[in-house]
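You will see subunit A twice below: alongside subunit B first, and alongside subunit C after that.
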Partner chain A sequence: MPETVQLTRRSFIKASALAGAAAAIGASMSGSLVETDAAYADSATETKKVHTSCHGCIQVCPAYAYIENGVVTKLEGDPDAPTSKGSLCMKGLNQLHTMYSPRRILHPLKRAGERGTNDWEVISWDEAISLAADQITSTIDKYGSYSFFASVGGGGSYSFMEAMTLPMALNSPTVFEPGCAQCYLPRYAMAKFVYGANDQSIADNAVIEPFNEYTNKTEMLVLWAAQPSVSQTAESGHGMADLRARGCKTVVVDPNFSPDAVKADVWLPVRPGTDTGLLLSWFRYIFENKLYDEKFTKYWTNLPFLIDPDTKLPVEAAELFPSYVSPTPENTPAYVCYDLRTNSVQPFPFSAPDSSPVDPDIFTTQTIDGKTYKSAGQIYKEQAEPWTLEHAEEVCWVPADRIEAAVKLYTDADVAGIANGVASDMTESASQVPLGCLGLDMVMGYVNKPGCTLTQRDLSSVPTVRPVAHYNGFDGMFSDIYGVGAVVGMSPAENEARIKAFPPDRQAQYNKLLVDRLGMKEHKGLYAWCHSHIPTVREAIATGEPFKPRVWFDMSGNKLAMLGNAKSWYEVFPEVDFIIGQYPMLTSFHIEAADLVFPLREWLEEPMVNMTQQNTTWLQNECTHIGETVSHSIPAGQVLDKCEEIWGKLPGLAPGYLGDHTEADVKQGVADSLKAASWDELMANTDKYVPLVVPPKDFYQYYQHEVVVSDGLPAGFGTESRKCEPYCTLLLKMARTGYPFCYPVAQEACDDYSPICEFIEPAESPVGDSEYPLVLTSGRVPYFHHGTMRHAAFARELYPAPDVRINPATAEELGIEHMEWVKVSSRRGDISGRAYLTEGVNPGVVWMERFWNPECFDESQTHKTAGWRECNVNILTKNDAPFNEVFGSYTNRGFTVKVEKGARPDNIWIEPKEFEPFLPTLRSEPTTKDVF
Partner chain B sequence: MRNCLVIDLDRCSGCDTCVVACKHENNVDLGNYWNQVVAVGPSGTFPDIEQYWIPAQCQQCENPQCVHVCPTGASYRDSKTGVVLIDKSKCIGCQYCMMACPYGVRTYNETSHVVEKCTLCPQLTANDELPACVHNCCTGARFYGDIDDPTSDAAKAIAAASADSIHHLPDPGDSKPVTVYILSPKVAAWKELV
Partner chain C sequence: MTESGIGEFLSEEALERGDEDVALDACDERVDVASGEGTAEVVNGLTREECRERLENIFKRHAAHREIFYQILVFCQEMRLLPNIEEGIATYPEFKHAAQSPYHFIRTLEEAGGLTRIELDEKEDEVTPERKEGLGEDAIDELVHDYVFETTDAGRETVKAHDPVRRILELLDDLPARKDTYIELMDFCKESPRAYTEVGRFLEGHDALKHVDVASGQVLQPSVFLDKLESAHAIVWDGGWILTEEGRGYLVALESPAA
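Take a look at the complex of A and B:
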């Protein structure tokens, strides 16, 4: 029976001091903490079943934890959860092991040997905070505030906001995350630009309408490069199973025969990186066969607007009709169209469709005073013109009849929608693919209807005034705090007045951080999440130009497993003077780079409220707590407090850091979110507050754009034209001035971004590459989320090494057999994997899961490595130009490789019994109180 | 009474969660499995292919070969519940049952030197809870209950499926496996495996 021991912070520090000698991770760090002066709790078994939520991935499914004398002994899904319905996938279940893993770090660690070795000294929190603050303050004093930088991402990292705002507090512009431009930002931002609201990402919980079981209207769903049954198995995966069982048709676009492709009505195995060609073939087919929703396209999109060939922007009515008086307010411009009623070019004011003075032609070319204007629809049509089904088959490797069958399923439905996944974010087409996916749903009128993916929820989505969209951070939070950035949908005068209300010095300081951020001039879409361009940061570290980042605070997992072309990062580690990490365990990155590591709580220990499930919000509970671990926001908060003590005043923006400094604040924040007066009240009466339910009639909202608002007009959308803008005018303005992010001060111009979907052949193309003839793409398996869970024995015994999925015909040519070890090489390096022969990939394609191997630095190994070079796809990936123009995304998918016979790396574990050193060893750890 | 699992392969996505849920619930050792998920396919030639997954565990046979060969009576079929079980106090670890089982779903515990298998989690079902693999299944594909009781989840799942979707694993030795797999021809053609 496990003993329950309550330790105070003081007793722990005392224990830590006793334990203080250097030790190696791999064997547990906790064994030395046996003697304390804490009182033993009653040792009789006490079993509790408590509400919590799994944080094994970002969907955060509701769950129950069973706790015996402080030890979590069982996890199961919560049957009351509306989409996951009691499911809990193995990423969640395996926390039973990883929570008590010998790999946990329970105390702050200071490097005791050279970087690259696994030798650490346990130090007290006071010493750790002082060390970090001393390094940061002394480096900034010597080299300036731009010498500090932060990063986050990689799985099991919740510090997105913290990483974004920590540099702000220290007056540095530099922060990055291996996801961001390569994960979700492009889809998130493009939807804001085009639709003024939430996007089509299914993994990121933007798409939940298909799983709405109250109205239940989705007839057809396109999964464009998403595999919810793998990535978010218990929630979206369960939702997909229910949706298909209800008879919803599905089309899956994926080079790999994923479980969702297996179940699809039509599978389109697109050549990696050529999705834009496929999208354009859909546009062409829909235009050619007049399958679009004519009324919606005419009156709710900007496609009928005539475009000025010089500016590429829609012509405003006053430009061609100087005496025209617009009937709409200044925040709602009137444009110009070719009117089919009068057969002439006419002003096209915003109105309800039935009140419009014009019947606009979507596809038209007009010459006025010797100048030729095309409608945006005509421009799109001409862009799509070459993309016959046959041309798409040739370029994208998908049979024409399959494409046609897919488009017909999509267009024949009364209600359908596209839900997209991460793949396109990891290509040069990162902005163009979401542009195309949004544009298709818009010309089909699959917008704001029951059953569409493009729907917005909650009463807050029902406008009472002209909708606007805020930029700079989520919902424009930094614009609201610091007064930088225009609100799209406000008139120029309204924006000017708004921005004048902010203190100019703070505005100037924030603006300088914006324009000084690395890579911003070329890739202004990164402003949406205030992140730097990763390859430009690496270049700055390597060269010191335009400034040299020297002190690094990383807030999550294994950067070497997650960053593209990981070796190029490893090479610049010596250029970074001091590296701080934080995580519940040590990863390759910590072994190779970190000088100081703060121990974080696992999700079973950390109170949080995160993603909702449909109309319900749930609690992630503090089920237990061991060691001196802290919640994710706390180390940076404490370090900033110490910096402020040293300096007297922080050099950066105020409020700057947005993260709790103490566990009490973390807990109060959770209580507030669940509408409980206090954490104690929430704990005492959890069932009263969890879940927090929005009544379905308030939650599920549709047709918001048709609601008449305060100016007497239908609300429309939060874009400049108040319409859906599949011809994305904002991208043109952004490239030229940084608008709407850089406002009121314009940013330097770069080349225009394409306002519509365009085809880009991948820079490394299998077409004509004789040295590296295969194209590699990657994707998830259900066992892991990002860099997590490679130390979960029950996952690794089932999936010990990454499969290299390869077509049997290709394997035969290469003399490779099923489950044989192979070497996969790109122009950047080579790795090992096991060939998995399957008809589920095109003969020209190989597919592989990202990987890293924590067993490589296990104590039992004679040949220790940091475990990131052996099987890690990011040894192969491409982080140099060409980048996606808007977001600077580099190429994690759709680059070329060759595959040869290989060998098992000697320190990789394969056999189930080999994973025994990963089994839990910390169940007898005493439960402990909050450190801060 | 014939308690068993009914598994809807139209829903199953092969995620292996049932395997791990079982291992945590029943403390199954590394390398041992009371259930496993087998990918059937992809069959055909790219891109004209199909696939499904078979989660395989004790089929709760009415005429269990494992019971017939057990020299000590440790393997038995509970006449009341229809569940095939092992009385570990009688098991001598001879593993004859493992050789006799046509489905390879028994496993030898090297620590306690006895054979183990799916028990349908009586520790849970006795309290009206579901077996761990059913409770946590990520696609709602698993149903537990007495297929002779029309009100059970298992019987209802069978009743809702069309006749051409109902399958059992092949039964060359007349074991009479009770476990039912549902697979519609439109998802994939059932393959006679084992």
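Take a look at the complex of A and C:
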């Protein structure tokens, strides 16, 4: 931390107060000099400019902070950042309001009044940790480890790993995040299942190639359910602007006319929740017009494989050709195809395309010994057959000619790619949409090519052996630690040998946590992140069965703004005995539910290395520090230490918790990431280490699947077949046994998951719903990230209340005028917003951002509320079945509502002057040392 | 409530007939007899109905402290000095891991209209509002020497509504398939406090645990039974799970020749 000038607090405050008073009365200071400390009078203002990164959203743009005598006074983007190039958006600039907000909590708080009130008692850290540990240990002593659970926030949340591993340390299976199945997990996991590598998300930095100005090959990009210009404005938004300026064509699939849609060559305003129909129409068009990359589809996907109609799995050569000896190793099975060279069904061994003994037919139906086998391609083709452009227009509300224009742009390019955003994760189609998006890029051969979206980076992506895919945690980290889970791409013998090397008691303990995790039987895709199924957790809390989670450690902001059907969660809070929170300020969730809150550092205070930008890694610095706030992983670490002191030994897995216990640990971890010997060294010579750069020639790698590896074959992909599997066989095995996650102990089967994209009409459909005739979807606005920054006065001045974007034709039918207050109702409840009339949404569609109102519990309010019922779209969202089959995703977008005239809710602020109480007040807080 | 008093809340007549409804009525009579004269209709500006609603809300929203609230209301059915109440609370097994102070619980009940506060002077005479008239803050502080609390009518009704005997009977009646398991578990906790792990071993392989919860598709954990019995105040955690007086009373009644 930069050194501050030595002065007394009294003299600093005296001088500040005087300056403030003079400004208030408009008086000049010249005739009003007063005595002060000589040291302060003699000292110059110390100004420093330090490297840091903005954590206003998930992408973490490099920035500079200007610090005067320990107070951060200015933020600006770092022009050396390769994609954001010096940009900093409103979310980042808001940090000055957040860091010094009067809403900050600087000390541990214990509830003094009832839940639902804003009455707190400041307590010491020792007392807070002891209280938390006592509640946790006594509850677990009474009811067992499953009585404990943790939760975390969504994308950009610091504590993802900590929340996941804290229950492990306590032998509990329960953790969740309102994102997860509803944000990123489906896309992340489906990419692993389908081809064992990076997914199509821009927000999460899986897709970086379009912004690669080193090779600069992206000609065409489809933003499917993503709006980077809003969600990650300074980095991906800037990247999109530069990309378009370089001549790249874009298609945007979004019910809302987003800023990216405004600039797109074609905008497809798909009816919310019907993306699968649109995807299938693209498949049909591509198949019918033979626009796919035939060679890639034949030799690098499993679409030519014949599928056994009984098992739904690709037929292995040995099944139909018992005497066949495959030339490939045991970890690379040979399958069966219809060979166009011999016009017969033949074994199809893995090889380089040009060395293949067969020319496989992609679309075929064959009868063998009275049994009819279709190729996976044929199955897909038949699935897509009904989806003519006209049918897609009727169902998806997008004109047929526009769909055609979009597909042509996508297929005409030498290289293109789809970036698949979060919207599809929030529907029952959460697995099917990524299946479709990945499948399209695969049949087009847009994989591992310069300019496409499905790329892998740096030298570690260049294989030397047969690629494999690890499961259970990121890159299989928990499988490597606890010995549960198969490595896909290893042979059965290799997997068996690997698993046997682990201690059986640790395996048994981990496996039991997998099996007992709530909701796992039906939604096994959640194993990818070790998360529980949120509605099932809620039900368990409500009913107490099959066990009651009753001590809760939450590591996020406002659960009541983010959880689907928020009221249903509010109703079960009384069943939770003790709720611990940690955050830099109090939110609705803390007001309504928390019993203890630990104060956290803001991003200007917390050292971190998080996301990268292309081939560069940057530092999030400790620019200042106030109060007794701590870095995000410390409270849980300290509480666990106390639990261990009480018990003697933690009951869970070891190593269990993966997080830091002290600020020194945090700082050393950051130094290690940037390859500095120590934090002090990093601070003394920051420019030497920041950014950490991987040479472009090493970072940008392509065609990894064609590299010949140790077995003499091209590497291929980390799947069982060693090919891209748009017909996702792993989904079938997963549904039936929990493979690969639960290997070697099979989990109980559920209904089969669909291995290909299939159309699902949303459960709440505007088609035929006379009571709630409109369909609602949501998305971001550039001012806020998830539940953050609703306290930032300048941002609220620009966007004080949520817009309800509505087509003028629909508004006219309802007698609603522009910016009029309306009531929006669903089957779950009703909220308020202001109608924003725009052609940017289809008739019959409304769009509304998540919102909550921290002003509702301001001291000035006569009747305080917690601010989550008034304008919060998650009052409306749907958290009951049907869920997405693989991940259990519920429906945050694409459910039905009605809109009628309404009124401004009490307690919420709209006019700029009303937000004055939110203006920063803590700049005079002294800088403080580390607490731990 | 002692073993010898079992017959007071489970009428012999009811036990002979196995008539639990009558037994419940007997509970009601017992509580009414203990009610005494009751207190004023309006408390803290709240009507009796409003107080009842607030008290029910407290009981609903504070599952972890419900028994503490209940026992305070029971204890204060006779007028009690504040220090005595606080000392009493400190002895409750449930208080050992409570997150709030005894006074917090008392104040919560008072604000909800479950307890009424009476200020006393040094001679233990009530300090009425009339006596405070014209006195400054310091003088009032000098005058008030102590506080007593008494359960209000709404508080007494709440006691009745949450009577552990009623709760135990309702629990055992709720899912007949589990009744035997509850009784076996209560018996298991009769003699000495049981750790959770002991309970787990006791129920291992038990048919009751084989029930599959519809929502999750999973079998029940032993904690389900502990949670339900605790909510009914049949058992309590006191360094281990042990039968309460009410729970003990139920088992004794069950084993009595009249049953």
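Everything that follows uses one rule, which is that the second predicted complex is superposed on the first by the 885 of 932 C-alpha atoms of A that agree within 3 Å, B and C clash if a C-alpha of one lies under 4 Å from a C-alpha of the other, contacts with A are read in each partner's own complex, and residues count from 1 in each chain.
What we mean here is this: contacts are C-beta pairs under 8 Å (C-beta built on N, C-alpha and C of every residue); 3 or more make two chains touch, one makes a residue touch a chain.
Only a predicted model underlies this, so the values are computations on that prediction, with no experimental measurement involved.
When both complexes are overlaid on chain A, the residue A:G237 reaches subunit B alone and has no touch with subunit C.
Contact with subunit B, but none with subunit C, is seen for A:K913 once the two complexes are overlaid on the shared chain.
In the superposed model, more residues of subunit A are touched by B than by the other of subunit B and subunit C. After overlaying the two complexes on the shared chain, residue contacts for A:A793 are found with subunit B alone; subunit C is out of touch.
Of the two partner chains, neither subunit B nor subunit C is touched by A:Y66.
Looking at the shared chain after the overlay, A:F257 reaches subunit B, while subunit C stays out of its contact range. In the superposed pair of complexes, A:E545 makes contact with subunit C only, with no contact to subunit B. For the contact definition in use here, the subunit B contact set and the subunit C contact set of subunit A share no residue. For subunit A in complex with subunit B, the residues that touch the partner chain are 74-77, 79, 84-90, 93-94, 96, 229-230, 233-234, 237-238, 240-242, 244-245, 257, 259-260, 262-263, 267, 269, 398-399, 402, 782-783, 793-795, 797-798, 807, 838-843, 911-913, 915-916, 919.
The part of subunit A that touches subunit C in the complex is made up of residues 110-112, 114-115, 131, 134-135, 138-144, 146-147, 516, 518-519, 521-522, 536, 539-540, 543-548, 550, 573-575, 577-578, 595-596, 748.
Partner subunit A is touched in their complex by these residues of subunit B: 10-11, 13-17, 19-21, 23-25, 30-31, 41-47, 49-52, 132, 135-141, 187. Note for the complex: subunit C touches subunit A at residues 58, 60-64, 96-97, 99-100, 104, 108, 195-196, 200, 213, 215-224, 226-228, 237, 241.
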